[in-house]
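Before anything else, here is the set of structures, which you'll find just below.
The same subunit A turns up in both complexes below, where it pairs with subunit B and then with subunit C.
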Partner chain A sequence: MIDNGLLVQMILGALLGLSVYLPMAAGQLSLATPAFYAVGGTLAALLSTQGDTPSAISLGAVLGEMLLAAGLTAALALLVGLPVLRLRGIYLAISTIALVEIVRVAILNLPFTGGATGIFGIPQPFQQPLGYVLFSGSLLALAGWLCQRLEASRLGRSMAAIRDDELASRCMGIHTTRVKLTAFVASAMLAGVTGVVAAHYLNTWNARQGSFDVAITTLAFVILGGSRSWLGPVIGGLLLTALPELLRPVGDLRLVLFGLVILLGPVFFPQGLITPALLERLGRWKP
Partner chain B sequence: MNNPSSGAPLLELRQISRRFGGLQALSEVSFQVEAGEIFGLIGPNGAGKTTLFNLLSGVTPASSGSIHWRGQSLQGLSPDRHNRLGIARTFQNLRLFNGLSVLENVLLALHRQPQGHGLDALFNSPRFRRRQHELQQRALHLLDELGLADQADRQAGGLAYGDRRRLEIARALATAPALLLLDEPAAGMNPREKEQLCELLAQLRQRHQLTLVVIEHHVPLLMQLCQRLAVLDFGRLIALGTPEQIQADPRVIEAYLGGSR
Partner chain C sequence: MLRSGGLSPTDPLAARRRGSARLATALAGALALLAYLSRSSDPAAQPVRQRGPLPLGAALALTGNANLYGQDQRMGISLAQGWLHNRPHHRAVELQLEDGASDEPSAIAAFNLLIRRGVIALIGPTLSQQAFAADPIAQRRGVPVVAASNTAKGIPQIGAFISRVSAQSSVIAPLSIDEALRREPGTRRVAVFFAQDDAYSTAETAIFQKVLAARGLTPVSIQRTQLADNDFQNPITAALQQRPQLVVISAQAVDGGNLIRQLRELGYRGQIVVGNGLNTPNIYPICQRWCDGVLIAQAYSPELNTPINRSFRSLFAEANNGRVPGQIAAQAWTAYQVLFEAIQRLQARGGFSGVTLAEARWRLLQELLSGRYNTPLGPIHFRADGEVVQGRFYVAQVRMDGTGRNGRFTLVRERELPEAKP
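Entry: the complex of A and B
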């Protein structure tokens, strides 16, 4: 039922879920992930379709694009983050939605990004979906490992403290601005490199890839999966990306069911599927 | 920052005022706190005591006047800068990191301890684990001083009320302050607990070379603990002096007993 193609999409969903999760772990509701995803995807599309486009591209070139995308999105996040992270709660969410719109409209109207139709014939580093599964799977494993280490580190703990009580964190000498900005930049870089992989996998890229809907679906990944551990958004991203495809046999009703999951998920699992209590129980099973 | 300009008091308030819209919460309050003393701050409800702490910790800016720390103005500095300069505080209405463990609450505040390199943390190197262990020992030691060591692994939000008050103190102490601002540390404790806390505060001052400013409604307790006290009433400083002077001051008696409050 789950073929390799769907598996790649699920993994990409999990990566985007992690990108939304990182600022949230520091108490910041940022919906900017699609903007950085779009920047990464557009960068990859532009770079790899220069000159007479070959149909294949070396893995080294893709890794180079990912590095560039990480650098570009980090710079952008630093620039935007300083003013925007002064805002709290819903105001931060709204201003990051504005960022998503600005990036979308810019990509739509720039002279070299292909307008509404976008960029086609993006070369592929792998000829089979399996290649993408392994590649994006490795990326997810790396991102998960980094998050795991983050949660054991002082930075991760500071993020949790800010999420609990920002004012008290400041009064305990924590550099709250620096911590929040770091989480925001990490989130942007992750979205950027995910965009690069997605652009090659999809073979085509346009402004719609980084729209407001993506902000909402990726937020749903974190809300359903839970935001108390990095595993939550990963599980949420995998499940909610697979769900619409798995529900395809029921036709248009699947969209209703998908909506119900997002709507009722928080009602029945207010902390998400992956809760601290669950993790503790799992931890105790370990040898 | 480490060598205080000689002669300057540890903390000096000059004509501090703060208004909230039409409400004058503090008006032209001036006093000094000397290094090493235990300084009491009393006054009826709404007198402006907590507001004063908010100003001293950088949480709220003053409307006018200035605060000097070891002779330097604290104007415009953020709360985290205040803390790193050596001013720590507790909160009257408890602001612990409730989702974290008791131990983590203290670990987070140990920012003066060297933390080790980020790469060590990333690869969980032996050096990183050793460092983590040392930090934990330190945190546990502080918890032990406050009588909370056996609760180290519990969630902070789940502690009993008095324990949460003590954890507030442990967490503030972990930032290695020179000045500790305690906002009603004994609130909600029974007389015996209050008595014990009083002794503990005196010990902590010795061991950590602290200067303490303590807000407390239970005046006899404060009279016993403090070398000097300031009395606020409707945002004004109405008395300043030793416990004996305060007790004899007619304006203090008026503020506490007289009037139609």
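Entry: the complex of A and C
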């Protein structure tokens, strides 16, 4: 049975999935999400444990941290994105993995981030997991609504065009660099904001949170869910985060089954669970 | 044509967007329903079961990169369970073991699950980093936690409900350095190695370096390694250029074992002191005959000659083809044993009758902290804040047999510390 604690983790997974999806909607395979997630989480952990560390923190302060994290990750994404987005495909993926490693090693070695133990005793804005469910759920709803609006907007269509053919879309007059950079920055901001919520929810933050493993896990959310609609990564994130916990009754075999799902998912659903055709059928359906 | 308002109802793009909106609404509804259904799942307000076994939870790293420790812990706990079950007792205890994996979210999920099932207390999680994530949840819900392997600074200070049987490295680490200096009083040049991406090793090396400074020794070389490293030629060459007389290593079993082996292969002949991460028989097949002579301070010695440790040793050997138990298994046994004995004492006094689960958990905590225990680690008790007070520590030296494949930790010194201060 799913409890509210797991529900929070599922929603955070969905948000990270969306963060990987955004550059992919513009045809860019970026694995930088954990780097920005780690920056957001570290920022929240540092800010909220300053001073005499009270056990609770106001919601306003958390929102402030989220704003700061969004600003910081956006600046970092702009700085990194300009040179890195000149690369394509697998080369872009490799350079974003490098970014993840740089951020991880930096957090590990900076004098104020607690080294390998990390920062602990992060104060809580909510006493019950339900508070986190509502808060992160609202964040997911907002992100989902923006993505839904994006698909019909000029920017969204430009992203889709670049994804289909970058050269052709540039010939059509689309400023491809700007569009790709926008998607990259939006993805970074979403990951940073998610990191803030995750740091409070996890009570502790360390360099392991933004590792290469997270990059692969979040990529799996998009692959299993489907990368052609924003609902794909959301559903992929929700399902794949919940699955290892739901499989607990099978005992030691649970991770074997989990691996099987990841393996067989793309075999049976090569475009992911949520495909454009499925959404179209759903849209035409009349009760 | 491309404006959404101008599309006909048969347009595929419009249909797709409508489908998206519908699916999103359904998803939001499903999530809201899930949140509503599971809004309160804490059985703390219900009366505690009067009959039948009392559920006790354990969340151990059975998967992920800490699984070697978790498997040893599972072995230690299950041996304690069998042994205590066959002795006279007032109340049976039913162990509920869940995989806490090696990451923070899984530890939180395992703790939540066990607390929701109404366990009286919890053992775990395996890693200190996981404890910083999961223990605050048990603290908020008022569930006693006994950590079996968390040695980082600040674990019992997470809250009143958190205690541990695993002594901090700050207590143990100085003993091995002192032993090395006693053997070679003329030592002046010390090289330090540590795995910089490992929480345990970085904390421990800080203590080692503090001890060295207190003995008037400044390291001539400090080398940082990574847990995943296999090849240590560069750091070793850099360190050996300084002609060290003593090498102090804080690392885990696999990387540390390789480091020792390569140190010897590259010609280092001086003493080696290692930290608790190498305190496992798993290092023998890695550094083989080169392990010989390594000094280590331990919170547990298999050679401790007490009735309970002899029982533990023989049970462990029986279950593991004659293997000798390590500290991790002994501490896991101890965690189960202290909770079991506290439950028995409380049951004998009628402490569980007519109270809610929340009250029973609180009473168990008081009982646990006030007791004294005779364990495979030696006699232990708890400070009021939950920190373990262990009187006896050991310095051991690795002795490999003729084949170079197998060895043992031979006890070279036993130290009585009156009151272990963190």
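Keep in mind that, in the parts below, the second predicted complex is superposed on the first by the 285 of 287 C-alpha atoms of A that agree within 3 Å, B and C clash if a C-alpha of one lies under 4 Å from a C-alpha of the other, contacts with A are read in each partner's own complex, and residues count from 1 in each chain.
Going forward, a contact is a pair of C-beta atoms (placed from the backbone, for glycine too) under 8 Å apart; a residue touches a chain by one contact, two chains touch by 3 or more.
Predicted model only: the values in this text are computed from it and were never measured.
In the overlay built on the shared chain, the residue A:Gly137 is in contact with subunit C alone; subunit B does not reach it. Once the two complexes are laid over each other on the shared chain, residue contacts for A:Asp164 go to subunit B alone; subunit C is not touched.
If you count the residues of subunit A touched by subunit B and by subunit C, you find the higher number for C. In the superposition on chain A, A:Ala152 makes contact with both subunit B and subunit C.
Shared-chain residue A:Leu279: touches subunit C; no touch with subunit B.
In the overlay built on the shared chain, the residue A:Arg86 is in contact with neither subunit B nor subunit C.
In the superposition on chain A, A:Gly173 contacts subunit B only, with no contact to subunit C. Put simply, subunit A uses residues 152, 157 to touch subunit B in one complex and subunit C in the other.
By the touch rule above, subunit C contacts subunit A in their complex via residues 2, 4, 12, 14-24, 27-28, 31-32, 34-35, 38-39, 41, 62-63, 98-99, 103-106, 108-109, 112-113, 116, 128-129, 132-133, 136-137, 140, 152, 154, 158, 196-203.
Residue ranges on subunit B touching subunit A, taken from their complex, read 57, 59, 78-80, 82-84, 88-89, 91, 95-100, 104, 107-109, 111-112, 115, 118, 121-124, 171-172, 174-175.
Within the complex, the subunit A residues that touch subunit C are 1-7, 9, 11, 108-109, 115-118, 120-121, 124, 127, 129-130, 133-134, 137, 141, 144, 148, 151-152, 157, 202-204, 206-209, 229-231, 234-235, 238, 244-245, 248, 252, 254-255, 274, 276, 278-285.
Residue ranges of subunit A in contact with subunit B, taken from their complex: 146, 149, 152-155, 157-158, 160-161, 163-165, 167-176.
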